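Each of the two complexes below includes chain A, the first together with chain B, the second together with chain C.
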Partner chain A sequence: MIQLRDFCFRYRECSQPAVMDVNLDIPAGSFTGITGPAGSGKSMLTYALNGIVPYCYPGDFYGEVLIDGHDTCDTSLTDISRLVGSVCQDIDSQFVASVVEDEMLYGLENFGVAHELIPARVDEALEAMGIADLRDRLIASLSGGQKQKVAIASILALRPKVLVLDEPTAELDPASSRQVFLLLADYARRHGTTVVVVEQKIALLSEFADLLVIMQDGRVRFADAPAAVLARSEELLSIGVNCPRSTTLMNRLAAAGLYAGPVCTDVAQASRALLEVVA
Partner chain B sequence: MRGFLEYVPGDSLLHRLNPVAKVLFAVLFAIACFCTGNLVFLAAMLAVGLGLAASCGMLRPTFGLMKAVLVFSLLLAVLLLLTTPVGDRLVDLPWGYIGTGSVLAAVTTIVRLEAAAIPLFLVFYVTKMSDLSNAAVKVLHVPYKYAFTFASTVHFIPVFMNDMGAIMEAQTARGIQFDQGGIVKKVRLMAPLCVPLLVSSVRKTNSSAIAAEVRGFDLRTRASGYREYPLKAADWLALVLGAALLAAAIALNFLP
Partner chain C sequence: MIEFRDVRASYDGRIPILKGVDFAIGQGEFVAFAGTNGAGKSTAMRLINGLLKPDSGQVLIDGVPTTQLKTSELAHRVGFLFQNPDRQICCGTVREELLFGFKALGELDAQAEQRVDAIIERFGFDPDADPFLLNRGARQLLALASIVVLETPVVVLDEPTTGLDFRECVKVMEVISQLHRAGTTVVMVCHDMEVVADFAERVIVMSEGRVVDQGSTFEVLRNPRTLEEAHLVPPQIVDISLALPLMDARLAESPVAAADTLNEMQVAVETMAGRAPVGGFVLEEAAERLQGAPGPQELQPPAVPVPSDSKEVLR
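Up next, the complex of A and B:
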């Protein structure tokens, strides 16, 4: 669904590229997590996927980015937007309306969705994010988590083939963050949507992602299944990426020769493995 | 009452009127206030305005508006008192006098400004900005880009005010005392804060523009809007009432 070939981008006002030598293949229907230290080029990568680069930020663009076979440099931003739905980092800036229902309608109206289909689309997206009861609420009266869900629902209503989210749980507590990921994963599975999420919470990514991408200094350092990436917990730590504590613990036991099983990506796996070690 | 220029939900007649009819009525009402100097008529207009505010549960915020307008209109009133020597002489001044006509002109100015401001104020609080811009596009055929620009501008006012509040709170936590000293000191303390506010405003506006573009802003046409805004009997009635008030205000000028 998404291919990046030798992608490199340098902002006009910068001497160094923000990202460089990026080669990625993201299969259709997959859930991809991108993480890395601050300034490693994570958000830049999302800009390349949703067409914001090269259309909104001036700079030098090298290589190619293909979305469903369309080169983003040869496709208009509007046409890219028909394929890729984006939820930006600053959700307050994304809102154009004062009421949830109006926010949901905005994209549907713009993309010319037939008026008779709009109510069902709005209902489905609100229910997918579990916020059907917020339909008539003022956005200003919502909590951070509710706003996040509204922002995602307003994009889901457009039924994009690819969903790109930049730190969608930045302002959420762990329980709400997991709930957002659960709802997203469920929706993506039912609709065959390809999801790309930039996220700092690596434990969440390791639980939900099929492909985990670690960025460092504008380059892709690792891109593999979460278990394969998390097996390098010491290397990750050296570049400023903290693995889940359960993973780090089990990796250290493995390094000490006390555990020889697969990499543990969550607490449940680690506790089962620990019981085996102790036994 | 919510933040500045934030929609107040409700089910009053004013809430239910067509947004275009509401705005046109408020504009006609305001023009009518400026077309006559008849104090009784203006007082009646003020009473109508307060009645409208009461009907949509906005009486308290309206009094707040009136207080703000009073400060401005008092300045004008004092200016009129000192520069309009009309009627029976009440107080002598080195350059003229304050007469009964001066007092009447000053009071009329205050009542006029108060009356003219209320319906416009109410319209912005009882109408969702998206409805106002969509109705302007559908009914008045205003190009969507202009309607969206207007709606976004109003939408961002409370956002920027919140940002300014947050910046001031952060500075207060660092020991800056905004609540002490005179207005000059306060302005001096606040002036440097305009820089971070400007930076965050530009950044937010840019993000908002990009977010709108990636949601098909450029594809929008007049037919895109999901909601229809037909003018119903009550809307026509409001327009006729507004026109009648304007006609009456003009006609009063020709009475002996």
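Up next, the complex of A and C:
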């Protein structure tokens, strides 16, 4: 669904590229997590996918970015936005309406969705994020978590093939963060949506992602299944990426010769593995 | 000393946020507030520094109700770090930003300038840099530094690590930890229970405008009822430690069921795996080894610089 070939982008006012030598193949319907230290080029990758680069930021663009076979440099921003829905880091800057339902309608009407189809789309998207009861609420009166769900639902209503989210849970508590990921993953599975999420919470990414991408200094350092990436917990720590502690624990026990099973990416796996170690 | 006595608070007098909150925080303590979004934590913080006054009940700072303290008197006692540094930063250069607190208090003198210069050196700031051109982590550090420089006896921190990457998070927590060791009372709202477990001595848990539990950090984080009631996700090692006895009842009295931290768990497992005779564990021996276990620094030197007396900071 998404191919990046030798992608490199340098902002006009910068001497160094923000990202370089990026080669990624993201299959349709997959869930990809991108993480890495601040300034490593994570957000830049999302700009490449949703067309902000090359259309909004001036700079030098090398290589190619293909979304569903369309080269983003040869496709208009409007057409890219029909393929790729994105939720920005600062959701308040995304809202255009003051009431939840109006926010949902804005995108649908602008995309020229037939009027008779709109109510069902709004219902479905609100249901998908579990916020049907918020339909008539003022956005300003919502909590951070509720706003986040409204921002995602308003994009889901457009039924994009690709969904790009930049730190969608930064302001949320762990339980709400996980709930947002659960709802997203469930929606994506049912609709075959390709999801790309930039996120600092690596424990969440390793639980949900099929492909985990670690960025460092504008390059892709690792891109593999979460377990394969998290096997290098010490190396990740040295570049400023902290693995979930359940992973670190089991990796240390593996290094001490006490555990020889697969890499544990979450608490449930680590608990089961530990049971055998201490039995 | 901070004390809440049956504090009720609301916004616009209509939507109740705090519904009768009682707690006390002693001088020099490091207390974390935990709870979901909307539990009332940030409101409690705003009551401490007087940004908000209670509808009823009392918020006492050193025994004096905040309603009787002038803003400047409160500012001398309580430093406040907002969740979003951009709501705090307001000056054109880093140096001006650090001097701003003194200016606002009308105490801009040679001594204040000296303190600002010292903190610029300590944090390695460029004094002439434009704060708004710094990255998020650096802006957060600057906002924190502008509180630290005022040397208030209490600092209140609302989500100091949100939006930061791991290294930035370590840096910010290192500064906070040093403050605490120097005797400052630290009150911190934090969603990341790994950070809470690493740094806080005591946790106050809020849910729906009420305090539902408070106590020493691991006592609270290991209480299944509290975790469920406040929808808290415990630190991963505590989660494992609580899960193992449920999976195998024979582990209930074993060292893995008592391990709070990564290093304790590692030592517990190593001990049990190495010494477990068929049909049970030699518990006393395991406990002895656990107590005499090497400290975290000896076990594995951290790859990132951390304060020398920190436990297993953020690992």
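Here is the rule we use: the second predicted complex is superposed on the first by the 279 of 279 C-alpha atoms of A that agree within 3 Å, B and C clash if a C-alpha of one lies under 4 Å from a C-alpha of the other, contacts with A are read in each partner's own complex, and residues count from 1 in each chain.
Convention: a contact is a pair of C-beta atoms (placed from the backbone, for glycine too) under 8 Å apart; a residue touches a chain by one contact, two chains touch by 3 or more.
Treat the numbers as computed from the prediction; the structure is a model and nothing was measured.
J.: Is A:Gly144 contacted by the first partner chain B, the second partner chain C, both or neither?
T.: In the superposition, A:Gly144 touches chain C alone.
J.: So, does A:Ala97 touch the first partner chain B, the second partner chain C, both, or neither?
T.: So A:Ala97 only meets chain B here.
J.: May I ask you to decide whether A:Leu105 touches chain B, chain C, both, or neither, giving the answer as first, second, both or neither?
T.: Only chain B is touched by A:Leu105; chain C is not.
J.: For A:Cys56, decide between first (touching chain B), second (touching chain C), both and neither.
T.: Once the two structures are laid over each other on A, A:Cys56 reaches chain B alone.
J.: Please work out whether A:Ser81 is in contact with chain B alone, chain C alone, both, or neither, and reply first, second, both or neither.
T.: Only chain B; A:Ser81 stays clear of chain C.
J.: Taking the touch rule as given, give the residues of chain A at its contact with chain C in the complex, in rising order.
T.: 36-39, 143-145, 167, 170-176, 178, 200, 203, 234, 237-238, 240-242, 244-246, 248-249, 252-253, 256, 258, 267-268, 270-272, 274-275, 277-279
J.: Which positions of chain C touch chain A when the two form their complex?
T.: Touch list, chain C to chain A: 35-38, 135-137, 162-168, 191-194, 231-233, 235-237, 239-240, 243-244, 247-248, 251, 254, 256, 262, 265-266, 269-270, 272-273, 276, 300, 303-304, 314-315.
J.: For the complex, give me every residue of chain B touching chain A.
T.: Listed in rising order, the residues are 2-3, 6-7, 9, 128-131, 148, 151-152, 155, 158-159, 204, 207-208, 210-221, 224-227.
J.: Which residues of chain A touch chain B in the complex?
T.: Going through chain A, the ones touching chain B are 50-52, 55-56, 77-78, 80-82, 84, 86, 88, 90, 92-99, 102, 105-112, 115, 118, 136, 138, 140-141, 154-155, 158.
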